[in-house]
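Dumping the structure here so I can ask a few things about it.
In order of appearance the chains are A, B, C and D, and numbering begins at 1 in each one.
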């Protein structure tokens, strides 16, 4: 799983957003991002684009855990449903492999908003994404 | 179209990314974002999440241009295909209304990468998105 | 759950395809369809459109189980990934509610192909769909 | 374009539905289907699955027109928005290539409902789909 953490280190936008890779297993990756005032949209909620960025990255790396050594992962496409406003102190994005193929891997992702006071988790977004294995 | 520009001003994440609203017409909105080193993924291309953020915002505001005064727009869901690496100096995202309904508006978006030297435009991403009109 | 079975009875296209409603619970519906020679595409596999039809219907009825009495369900949009050729003797589509809202319900669906000989299940398609509650 | 018409002939489900291939050009395919009572859902409208089937087929064949000789086309995934009830006498599905790649082709599709009396066209659905070239 070292290649995932090494790749994440090179991922400038993850650092710009303050996102952290918190778990990597075969077929599953978790990324967390704390709320920040400069990441919101016009209503003061975390921008759908930020939510999408972290769950896309989690799905991409989940796919990469099951690709051959030396492969790189590229997002072909994804679809996201936003189910509740992105309100909370911490956002946890989990990406999982649904089916790993030679060229294409189908993944599924979910984002949860956590509020510090209540420790309640709210399921705010769900993604279905297709990843491509670029083999050198 | 003043409400679009006013709303965009309050949109912190657009400023964080350095995105600018460059055109607003009824049913169509254009947002531009210059390349920046801190917005890239692990291969040095603009992150799919950044591309998605600007085209989602363009689609959302395109929908808002045709919603009643006082309405606010929320993204229900979107789907994006990434067709070429996001390589270029400037990225132009255009969002258009396909069908405006009372509650839901279907929009379509495209992102083009422009390289300063060559002035060539490359079509790098296409989005289909559903927007919700929140009427107070 | 009677309203689901009554609605399914009126659903001419389900009968045309030979599909059967085999389970209805709150938030989950299962529809099965046997393979038939007149439902295939050019390579002899069950057409993606047939697979989509049954899982869309399963997702729509799953959403309807959690809508108020008198409501009708309409599909806003869906996205399907086809993960393996639709080869088998029986196809089982399961639709589940991810989040039920007042107006919109997000659902998730899966289709499995079963081969009589081997009794093996293959996961051939996965759907993410948005349903609308039309309340009279 | 002969390979498209030959492939369409072998496409049993298109015949079952009564669909006809009415135009084939490089990068664009049109399929038409008349309304029929046995293709409706519970409200008497053409089933979303039928609408999807014809536009998926139009998009797949549009992609195939730009694939190398001997290639076969498989749907990776699609997303469809249903924008108005499928009410009409004839439904026309048009599929177009957005970007043709070596392995993957991105397509866009639209479905229009036509009413005989009024000759009015209504735009009822829009699709964004990814097609895969299987090269022997």
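Rule of thumb we're sticking to: contacts are C-beta pairs under 8 Å (C-beta built on N, C-alpha and C of every residue); 3 or more make two chains touch, one makes a residue touch a chain.
These numbers were taken from a predicted model, which means no experiment stands behind them.
Peer 1: So which chain is farthest from chain B, going by the mean of the CA atoms in each chain?
Peer 2: When every chain centre is compared against chain B, the largest gap points to C.
Peer 1: Measuring from the mean C-alpha position of chain C to the mean C-alpha position of chain D, what distance in angstrom results?
Peer 2: 20
Peer 1: Taking the mean of the C-alpha atoms as each chain's centre, how many Å separate chain B from chain C?
Peer 2: Computed from C-alpha means, the inter-chain centre distance equals 33 Å.
Peer 1: Could you work out how far the Cα centre of chain A sits from that of chain C, in whole Å?
Peer 2: Chain centres of chain A and chain C, defined by C-alpha means, are spaced 28 Å apart.
Peer 1: Provide the list of chain C residues touching at least two other chains, using ranges where the numbers run on.
Peer 2: In chain C, the residues touching two or more other chains are 76-77, 79, 81, 130.
Peer 1: Which category does the touching pattern between chains fall into here: line, ring, star, complete, or other?
Peer 2: complete
Peer 1: Show which residues of chain C lie in contact with chain B when the two form their complex.
Peer 2: Against chain B, chain C makes touches at 76-77, 79, 103-104, 130, 132.
Peer 1: Which chain D residues qualify as touching chain C in the complex?
Peer 2: Touch list, chain D to chain C: 7-8, 10-13, 15-16, 37-43, 47-50, 52-54, 56-57, 72, 74-82.
Peer 1: So in the complex, the part of chain A that touches chain C is made up of which residues?
Peer 2: 79, 81, 83-84, 98-99, 101, 106, 108, 123, 126, 128, 130
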